[in-house]
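Structures incoming, each one as structure tokens.
Here come two complexes built around chain A, the first alongside chain B, the second alongside chain C.
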Partner chain A sequence: MTRDLRRQLKAAALWLTAFLLMVVMCVPGLWVVLSAFRPNREILAKPPVWLPEQLTLDNFAKIFGFGADQVAIPVAAYFWNSMVIALTSTVIALAIGTAGGYAFARFRFRFKNAVFLGLMLFRAVPGIALSLPVFILWSRLGLIDAQLGLIIVYVALNVPFTAWLIDGFFRQIPEQLSEAAQVDGCTRWQAFWRIEFPLARSGIAAAGVFAFLTSWNEFALASQLTRSTDSKTLPVGLMDFTAQFTIDWAGMCAMAVIIIVPALILTFLVQKHLISGLTFGGVKG
Partner chain B sequence: MAGITLRNLVKAYGRVRVVHGIDLDIGNHEFVVLVGPSGCGKSTTLRMIAGLEEITSGEIRIGGRLVNDLPPRKRNIAMVFQNYALYPHMTVRDNLGFGLKIAGQPKEVVAARVQEAADILGLAQLLDRTPAELSGGQRQRVAMGRAIVRHPDAFLFDEPLSNLDAKLRGQMRAEIKKLHQKVNNTVVYVTHDQVEAMTLADRIVIMRDGHIEQTGTPMEVFNRPANIFVAGFIGSPPMNQLPCSAEAGGLRLADGTVLPVPARLAGKVRPGAALILGVRPDDISPEGSGLLATGEGAMVRLTVDIAEPLGMESLLYSRLAGQEVQSKVFGPRLVSPGEVLDCRIALDRAHLFDAATGRSLEAA
Partner chain C sequence: MARILTSRRAALTPLLLLLPAIATMLFVVALPLVFSLWTSFTPYRLTRPDTLYDVIGLRNYIRLMSDAAFWVAFGRTVLFLAIALNVEFLLGLGIALLINRITWGQRGLRTIMMFPMMFSPILVGFQFKFIFNDNIGILNNALQSLGLTDQAIPWLVDARLAMFSIIFAEVWMSTSVFAILLLAGLFAMPRDPLEAAKVDGCNAWQVFRHIMLPFLMPFAFIAMTIRSLDVARAYDIVAVMTGGGPAGRTELLWTLIARVGYDNARMGQANAMAYVSTLLSVLFTWYFFRKLVAARRYMGGAQ
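This part shows the complex of A and B:
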């Protein structure tokens, strides 16, 4: 009986700890979401108003340019830029990362370890340290304030990680599967697409989510390399809410929600695939 | 169906040669087993036949056609891998039909052939499962099924049973044998287990360090091993090897015991030669408790160290002329450690090898 009680207490303590940790992690995000739906006045109130007295969509209406007092922020253009840049750079990074990961996992070639190590070391360089050289290069090439400029930067940022992650997934797939397929009548290329690629799909999806989120959320480099609605992304657009003496917290939070939602939806969509794909079976040895 | 010919086949990784010019003719419908210790180049040879490993030099022909530079898919062979290599994301049905589908066969043909293979191997109930939902033996059968649906010229097996437990291994061994009798195709089978080799093979190829040591039917390699290596490798427990020197009166063992020279080898023994006398454990046993007729062979005296009763027989580890020898006692006779036994050696079934070269005197 007492042992039962103790076990229940232990479980309860565990739950409580987990809950508190989650609270600490989630409260800022929750605060942003709440603030997106209430007026600036209430956000700045002292003492703070925890539970909003009224919820309103005014903040969203405002930043999209409807309603009484207009804040002319081109959210739609920023959203479009973000989507184009994040999606394109993710697709390119995945294509290169998959090819590279496969090569690292399957082939022997000269300087393989050195190349691999170099890629990983590149990850250790903080992106912001590259901002000045990239800025100078891009301004010579006319890539400042262009979607292409950011796409190239994000591809470079994401390829090492995607290659590394996907390499790990291909390593888990026994080479004999591809060999069996080749004996069964496939070319090497067919064996890859029919056998190895489907089996590594979950890993490639994980790498894709990571690359997308990195590009979608990146601020430091984007703020250096973009100027106008031609290329500004959503995180950079957030800065539009700061004026010299005031910050429009309500508008900023509304925009933050607009940034968070697509990322959440994507993660949610891929999540099931990630988990089901990670459980491997069928090969012994 | 087709035979396979290897001519002076060489494989080198960089500067290291692992297969040193192998010659082998495998007949149509023949079941050939490559056997040898770990690292002797069996898998490498098999993979070269399959086209999964480039050959350094030499020639491979399948059905008379030179296949040196053909990719695996153009060789019309099937292979069963040690880890089965079933496609984990496909059902058993799709695993079996994969090769036919790739070849562009119509749906009805694929379905019919899959059904045929499933019936032969007793897989009909399992067709809609994935490999993860099968037992080891069932996976093994699916791997074999995948090989037979395509009606290939030859089957290649690389240690297909080594992931199974002992009982299942025996069962599957019998099934492979049955399968061969049913579909009757050319088989090249790699194993390091000499029992598998003996039971399955039409012909055994014994390899060591990238060379072929001997080729022959199971009975030939058992009864007439070409050298000490084959003698020690084939047969379980292994053949006893007693160093001796040839004298006018016979063979003198290390402790001075002199045994007569086996009659059939009398002409081949040069006096003074350093030799090794090879005797199988079955051919040493106490009078009346073995395969030997009374009065047959020569008498020796053994001191028993360990006796292992196996039911029908007991295996004895004893000392003879300062050397450990294994021998067998048949029937209910119990032997205890320390016992001194007078045993008979069936010398007419014994072998003599040159101590320097290891070659059998019989061959010379």
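This part shows the complex of A and C:
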């Protein structure tokens, strides 16, 4: 009995340590979230105000254009652009990546390793380095300041990673399952959709979260390829809060919350799949 | 279509499946890279489009070789990556091992752990610009309230402190990526060898060193590979926090490229620099990917 109690106490202490550690780790982010609900005067106060005396939604009202004094920043348009671009590019990247990952996992073909490594290394090109030529080419193709222009770029950013992750996941699913289904009269196509795809859902969900976060949060390319409310995304919109020498911290913190919340909701929804989907085939090459 | 899919050894099927992926990468990455390789042999300026056809050979690269600012930025970038990746790995490993030992309430902790991962790098930059702000930043306010210092510490103005602040921001953003990938590895670890080792009288350190660590290494290299694909995201952080300042003391390759290419409109020169930075990223990625393959082979799971 006492031994049981001791073990439980130990587990509780361990949990508490971990919890405190995680909270400390999150403090910088939480401080920004808290500041979003405080008036600018409190943020800039000297001596500092530690515990907020009042929490307000004014900062949000301001950037959405309600209330007495407004900040003329088209957040709604940025949000819409970000959503359309991130969702579309994620769906397309998942389709292309799943096809590619399946090919890597289930087929033997010449230059397989070379193709795989090639995809990865192309992905390694730094965004800012890629943005120079893409900017010039896209402006000739009329893709500057267009949602489509960014969608195409983000699909390319996400395809290699998606294919890699999904390849690892398919390799964990025994091939015999689909073979058995084919013996029973399914075509390979049907076997894929009825047997293998449902089993690979965790991997595809994890790939989807990473693809969405990459597109949703990308800045280096978006800042060069977008101009106006036609295509500017939320991360680029953050720059609107900076003037030459000053930054509207309250407005920016409110915008930060608007950027984080969708990412938070999505990650929370698929969090069950997230870790089990991230094995990359584990130790199997 | 159906017949191709049913015949298992059809050589065309994998090609068809991979075609969209290859086509995308060729169009969005390879084609622009060819174009930027061309411009790196010209004095191309955005303001003077005709300079695109004026070939000057290797002059941009030769100028790079003798450009002290470029090499300082290059060295600083390598140092930055070496410090950041190692610290992120060690912290991530610690967090993963800790969370893995927790049996009750683990899910909530895992969600909190992933919190920094959701932040946009540009947002992380502004966040730490806010926190390290010498006047209103929470850090200086805290230090002054606790009486640890009576003057404002210029976190983003002093060259060394600015470098520290940038690395801190980068580590904050990316540690959870390591933690979550290593945790995925710990979850996938078979229980039997661990039990067997304990029965055979191994102590905790021996179990960790000889059983858990070799098993975790592939996951560590997966994390390293993923991080080296994405290291240039640090550009966003630096661009916002210091803009490469004060006086170029925190300039990394990526901010230098942006300055030369967009601010000075010297695309040819910037593309030559971009090629060097691309080479650096590709080498890092390739190196860690080789290590990953080797670590898997060590575990007996060769391709």
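Everything below uses one rule, namely that the second predicted complex is superposed on the first by the 248 of 285 C-alpha atoms of A that agree within 3 Å, B and C clash if a C-alpha of one lies under 4 Å from a C-alpha of the other, contacts with A are read in each partner's own complex, and residues count from 1 in each chain.
Everything that follows uses one rule, which is that a contact is a pair of C-beta atoms (placed from the backbone, for glycine too) under 8 Å apart; a residue touches a chain by one contact, two chains touch by 3 or more.
Only a predicted model underlies this, so the values are computations on that prediction, with no experimental measurement involved.
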Touched partner set for A:198, first chain B, second chain C, both or neither: first
Touched partner set for A:189, first chain B, second chain C, both or neither: second
First, second, both or neither for A:180, with chain B first and chain C second: first
Contacts of A:264 with chain B and chain C, given as first, second, both or neither: second
Chain B versus chain C as contact partner of A:102, first or second or both or neither: second
Chain B or chain C, by number of chain A residues touched: C
Which of chain B and chain C A:245 touches, first, second, both or neither: neither
First, second, both or neither for A:111, with chain B first and chain C second: neither
Residues of chain A that lie at the interface with chain B and also at the interface with chain C: 182, 187, 280, 282-285
In the complex, chain A residues that touch chain B: 174, 176-177, 179-187, 190, 194-195, 198-199, 280-285
Touching residues on chain B, where the partner in the complex is chain A: 50-52, 71-73, 77-79, 81-89, 98-99, 102-103, 130-133, 136, 139, 146, 150, 163
Footprint of chain C on chain A - complex, ascending: 11, 14-15, 17-19, 21-23, 25-26, 28-29, 31-32, 35, 43-44, 46-48, 50, 95-97, 99-100, 102-104, 107, 109, 112-113, 115, 117-130, 132-134, 136-137, 152-153, 155-156, 159-161, 163, 182, 187-189, 213, 216-220, 224, 234-235, 238, 247, 249, 252-253, 256, 259-260, 263-264, 267-268, 271, 274-276, 278-280, 282-285
Touching residues on chain C, where the partner in the complex is chain A: 1-2, 5-6, 8, 11, 13-15, 17-18, 20-22, 24-25, 27-33, 35-36, 39, 95, 98-99, 101-105, 107, 109-123, 126-131, 135-136, 138, 141, 145, 172, 175, 180-181, 183-185, 187-188, 215, 218-219, 222, 225-226, 228-229, 231-233, 235-236, 254, 257-258, 261-262, 267, 270-271, 274-275, 277-278, 281-282, 284-286, 289, 293, 295-297, 299-303
